Amino acid sequence: MRIHLVNPNTTRSMTEKIAAAARAVAAPGTEIVEATSTMGPASIEGHYDDALALPGLLAAIAQAEASGVDAHIIACFDDTGLDAARSLARAPVVGIGEAGYHFASLIAHRFTVVTTLSRSIPVIEANLLRSGLERRCARVRASEVAVLELEDPASDARARISEEIGRAVREDRAEAIVLGCAGMADLARALGETHGVPVIDGVASAVALAEGLVRVGLATSKSGAYAPPRAKAYSGRMADFAPTGG
Amino acid sequence: MRIHLVNPNTTRSMTEKIAAAARAVAAPGTEIVEATSTMGPASIEGHYDDALALPGLLAAIAQAEASGVDAHIIACFDDTGLDAARSLARAPVVGIGEAGYHFASLIAHRFTVVTTLSRSIPVIEANLLRSGLERRCARVRASEVAVLELEDPASDARARISEEIGRAVREDRAEAIVLGCAGMADLARALGETHGVPVIDGVASAVALAEGLVRVGLATSKSGAYAPPRAKAYSGRMADFAPTGG
Amino acid sequence: MRIHLVNPNTTRSMTEKIAAAARAVAAPGTEIVEATSTMGPASIEGHYDDALALPGLLAAIAQAEASGVDAHIIACFDDTGLDAARSLARAPVVGIGEAGYHFASLIAHRFTVVTTLSRSIPVIEANLLRSGLERRCARVRASEVAVLELEDPASDARARISEEIGRAVREDRAEAIVLGCAGMADLARALGETHGVPVIDGVASAVALAEGLVRVGLATSKSGAYAPPRAKAYSGRMADFAPTGG
Amino acid sequence: MRIHLVNPNTTRSMTEKIAAAARAVAAPGTEIVEATSTMGPASIEGHYDDALALPGLLAAIAQAEASGVDAHIIACFDDTGLDAARSLARAPVVGIGEAGYHFASLIAHRFTVVTTLSRSIPVIEANLLRSGLERRCARVRASEVAVLELEDPASDARARISEEIGRAVREDRAEAIVLGCAGMADLARALGETHGVPVIDGVASAVALAEGLVRVGLATSKSGAYAPPRAKAYSGRMADFAPTGG
Amino acid sequence: MRIHLVNPNTTRSMTEKIAAAARAVAAPGTEIVEATSTMGPASIEGHYDDALALPGLLAAIAQAEASGVDAHIIACFDDTGLDAARSLARAPVVGIGEAGYHFASLIAHRFTVVTTLSRSIPVIEANLLRSGLERRCARVRASEVAVLELEDPASDARARISEEIGRAVREDRAEAIVLGCAGMADLARALGETHGVPVIDGVASAVALAEGLVRVGLATSKSGAYAPPRAKAYSGRMADFAPTGG
Amino acid sequence: MRIHLVNPNTTRSMTEKIAAAARAVAAPGTEIVEATSTMGPASIEGHYDDALALPGLLAAIAQAEASGVDAHIIACFDDTGLDAARSLARAPVVGIGEAGYHFASLIAHRFTVVTTLSRSIPVIEANLLRSGLERRCARVRASEVAVLELEDPASDARARISEEIGRAVREDRAEAIVLGCAGMADLARALGETHGVPVIDGVASAVALAEGLVRVGLATSKSGAYAPPRAKAYSGRMADFAPTGG
């Protein structure tokens, strides 16, 4: 099974870290084919970055579809472009944010998301609402750690994330924690041991869900919300994205 | 007052029609400055078109901001890029879909949206949920009229839309109708007279709301969800969209 | 355009202040015709006052309708009698509470209401639920300033309201504030500058929304919830309110 | 135990019928003290009638409080003035609409309300939302029988109500029916036998709930939403309603 | 009228205390017939105990039905087995948790539940959601008093419960308190006097609601959710529970 | 990896069919260890059967835990005993109903459940609400095929299920179907091909989710809702279920 894991930001080092996290949990026989967006923001923090990451993301999805993959994972916790990718792809698509929410709902009555910056909170709240799992989430918290700080070994990022998890357990009665950034994938296990509650990494969750959908033989419904794009002209810099309706 | 009305698809004839509808309701002293996206899809029908319309939309917003405008209107019923535009702009931003829902909520207990194709229904349902007004909407209905058909005088588009409105009044107990496409702006008044309930055009509603916000002195909050994009590198085809944090 | 602004309490000084706030934002050509209720409570604080303000409010609406107006504004943050006024009037009706919620929803992901006394909180919560925008409101807070204190220049009312706004920004992550009393209309701009988030006055918002509805040609749907009252006998002190069904 | 049952419309024959229904289910030792509003509409059909029934209702509540009663029942299915009455009274207050919803929720997973005219549907929907039980209600249906028709033995009102109940059972999977008008109190038992599902009369339900609250020693909380009205001046025709804060 | 009150745990002393509380509020002519489960846990604290209390509960319900009773009360705040009991019984069934929520909703805009251990919070939250009244409940709080501690006169259980009620009034703006354990039935009145808000005991509430349903002639709908069990084979230790479909 | 699949009803032939469906999708290296309940109902249709299946289910869970398994699957679409099993087990537990809802939410905007008898609809609706995914489900439909009919090759069960799926696609705009009974596991693929939308079998979904949780290293949180049962006495027929708190 080939799973395409696309980092919708352009920071290759983050892709490598995420792909390693994915490979660490992938089943024997699963090949993780990673890709880094070639156009757009170096990190995704808020709605503007999100919007301009979409062409790069969709280009990567299209390229992977052409090369033949069994599933796609969008490796940004904001689930950037999830709906558009589902419309485009023949293979199923899983976002790491949504993956975290679904897995948390299977092992806890109530979970908290601990993300990077405050500005991501509204994006995540909107995604929880879209997924339907907002009632299962006690609260979305920010550790005020910037995405690229997670790449810096000298930062105290891990300690600040751990403190926020502590508050979630004490103040929110959170029974599980979802880590709200792909760049935190390597921290989940240790933080879980520290705090005595499951700490869920969306990347690992997404690999498991994508493998599961493929094994069960399920792909995105092409009736309704995710019908293939209609053939039509696209112009200017986006011309080569024009759907052919094929 | 200068209001920037941007059509996020690249079909100039539709921009002209929408701008005319906007000018027909604008207050004396309001200048409508229209723009047509220069890159992306010729019409927006579903999530994929939506995603790839964003760069063109945001480029138009940035250009209008630079030239000095008091408010922006996004003239696509899907409210394409509303959150990203709010992050980018200093001036307030109103989407024509959201404008329709808010005005409908002020004059009816319960309204129905009548849009173009079925594939737009899930997008609109998601937007209603995001706006918080989903409980006020009885149903989102499709007339199965394609966006570009609205430009074709020979089509029976208007009759099919009228029939769907009739069903909304009879079956949904809809007290008002929101027309679910910018291209329907010229039909509202006549359809309202035919069916005896208010028929709301999002374009006109958005002009009124944008004028209102400006007159009252309100603009998008820059604290939280719509904080300005952080300065960072963007690469590839999107490089010139990089925010400078200025 | 003539907009009828009715203060449903009987305190004329408050009407003057509110009408001044309305005129300050009204478009050129808009005439604000104010009225003060001639029967009922001197201020509206809680459900009992609310109920007994209705005859005075509806009498003023009927009188203004007879004299010819284009829209009505109910100038009490509790949106006293909004549904009944919509049934009675031919012209559209906007409540200042609802106006504040709708405008806040257009410029912020999440807002907080700061009102007068705690006893108003449940009324406002019920109104938010009715409007459908309760999910957009982080919290309704009371500054414990009584309505008539706002008329007393010697009181520290403004400082207490400002402190509560500070708490809303810090504790609720409120991106905008809606001031929860018509008597606070003159404070919005200064408080917004102090706290760095939009502070929304319902009176100004209602003027803008009423002007907008009129310009767009929309009035309350007369099908369903707001159908005109059926002709029937009314007795006793209320006899002259009997609808004639005309 | 003395229970004050107030008909907020001025039609004395309806009061008699409702009081008889109440007495038929009252426990031994319960005295039903009925009152008919002395000012306001002859029947309550929609928001305008509702608003103008409030002074008559509250006058009756005040008078009964003065004479000493243990509980109040508001005998209109719209739960006219429920919040205001709770603020005014020392004794607990039960609305017959709310009573029906609560009892239905105790004996069925899902119920339908069958009311008189379509125009009452939005009022009832709003009340269900306020009570919190809207998710338990499959649908609010109108039989298009006017309130005063129920008083006319020659009308086919009963047959039309029965047909609507049949549709509720077949189409809504309603497991119980709440009759949506005080004037239908005498029909419940026979309709339940016809349709094989419980048919709930709000009047009987309210008597049982009022008796229950009294026996258990519970009355409306005076902290928060239903705090007693503050002493203040009322003017004009409403002057004698001024609360003394006593 | 004979009301069967079943304690679904096996602690007879608790049954006695609950039955005494029930008798204290029962109407003249109501006979409380108590039963203690003869198989299962000594107290119910969490989902596992809940599940294994069901056979004992249902055996008691069946036995009481055979002996002829007019209603059943399930005397555990978790409303253990409420749905199954409603399917089995011909007489109406009331849970003491649900009874508390319904009565609280009739006398307060917003209530808080104060229960025993934290582990009961999710069970109660799930029950509030099922009842539909979750929006009326500000918060479910735990006093960290174990069920059997309530039987120990030397414990400081009462003081800890009282402190938690104080926090509910101050921090949640709770207008009423529902005591979240059958074993707290004797504390309600005194705690209400201490805190100045109604403190509601589910046992008393359930007696009142059961009496009310019986007097009004209502029993569980047998159409839909609570249809009688179909006749079928049961095996092993559960064989004698097999429904005969009679 | 060893996955314990427990059929909470006592019909061994159904267990075999379900286990075969599970093995058909299990990853290489996954061992499916099936168990059939040894006490309780032969099939689970409604709340009463559900309740009395719990001891048999929990006995099987305990036995499997003792023998060492990596995850449990509860193979009844009602998710019988899911919460209690999560409290009891150290290994993660997945219900086939919930598994179906989660997988449907990953591949469709909106799904419909097609189950056996009408009486299961309320149980499934309650489970959807508990899972938080009720907004994603358009409707729960019954094919009126009894569970044991699915075992009878001569019945027209499959045709009736297929007809109901057709109605779901046409009338509900369902983009995917979840088959609402473990006994339908063998029909999913063919029905999906017939109707052109994904048809989801909960058994296969649960296997995939259980494998995923195990591979990712996640198990049920033991903090909060699913804390291990406290040690206490159980009596009578249930005595041997007493938790030791170990």
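Each chain gets a letter, A, B, C, D, E and F, in the order it is written, and its residues are counted from 1.
Keep this in mind: contacts are C-beta pairs under 8 Å (C-beta built on N, C-alpha and C of every residue); 3 or more make two chains touch, one makes a residue touch a chain.
Being a predicted model, the structure only gives us computed values, none of them experimental.
Peer 1: Determine, among B-C, D-F or C-D, the equivalent of interface A-B; equivalence here requires over half of the contact pairs to be the same by residue number.
Peer 2: C-D
Peer 1: Please compute the C-alpha centroid of chain B, do the same for chain D, then give the distance between them in whole Å.
Peer 2: Each chain reduced to its C-alpha mean, chain B and chain D end up 44 Å apart.
Peer 1: Taking each chain's centre as its mean C-alpha position, how far apart are chain E and chain F in Å?
Peer 2: 29
Peer 1: Mind pulling the residue numbers of chain F that touch at least two other chains?
Peer 2: Within chain F, the residues that touch at least two other chains are 86, 109-110, 118, 121-122, 126, 173, 224-226.
Peer 1: Which of line, ring, star, complete and other names the graph you get from chains that touch?
Peer 2: other
Peer 1: Any two chains that touch count here, so list every such pair.
Peer 2: Taking the chains two at a time, the touching pairs are A-B, A-C, A-E, A-F, B-C, B-D, B-F, C-D, C-E, D-E, D-F, E-F.
Peer 1: Given the complex with chain E, which residues does chain F contribute to the contact?
Peer 2: Touching chain E: residues 10, 37-43, 45-52, 54-56, 58, 81, 83-84, 86-88, 118-119, 121-123, 126, 129-130, 224-227, 229-230, 232-239, 241-243 of chain F.
Peer 1: How about chain D: which of its residues touch chain E in the complex?
Peer 2: Within the complex, chain D touches chain E at residues 25, 27-29, 86, 92, 94, 98, 102-103, 105-110, 131-136, 169, 173, 175-176, 189, 196-198, 200-201, 204-205, 207-209, 211-213, 215-221, 223-226.
Peer 1: In the complex of these two chains, what residues of chain C are touching chain A?
Peer 2: 109-110, 173
Peer 1: Can you list the residues on chain E that touch chain A in the complex?
Peer 2: These residues of chain E touch chain A: 118, 121-122, 125-126.
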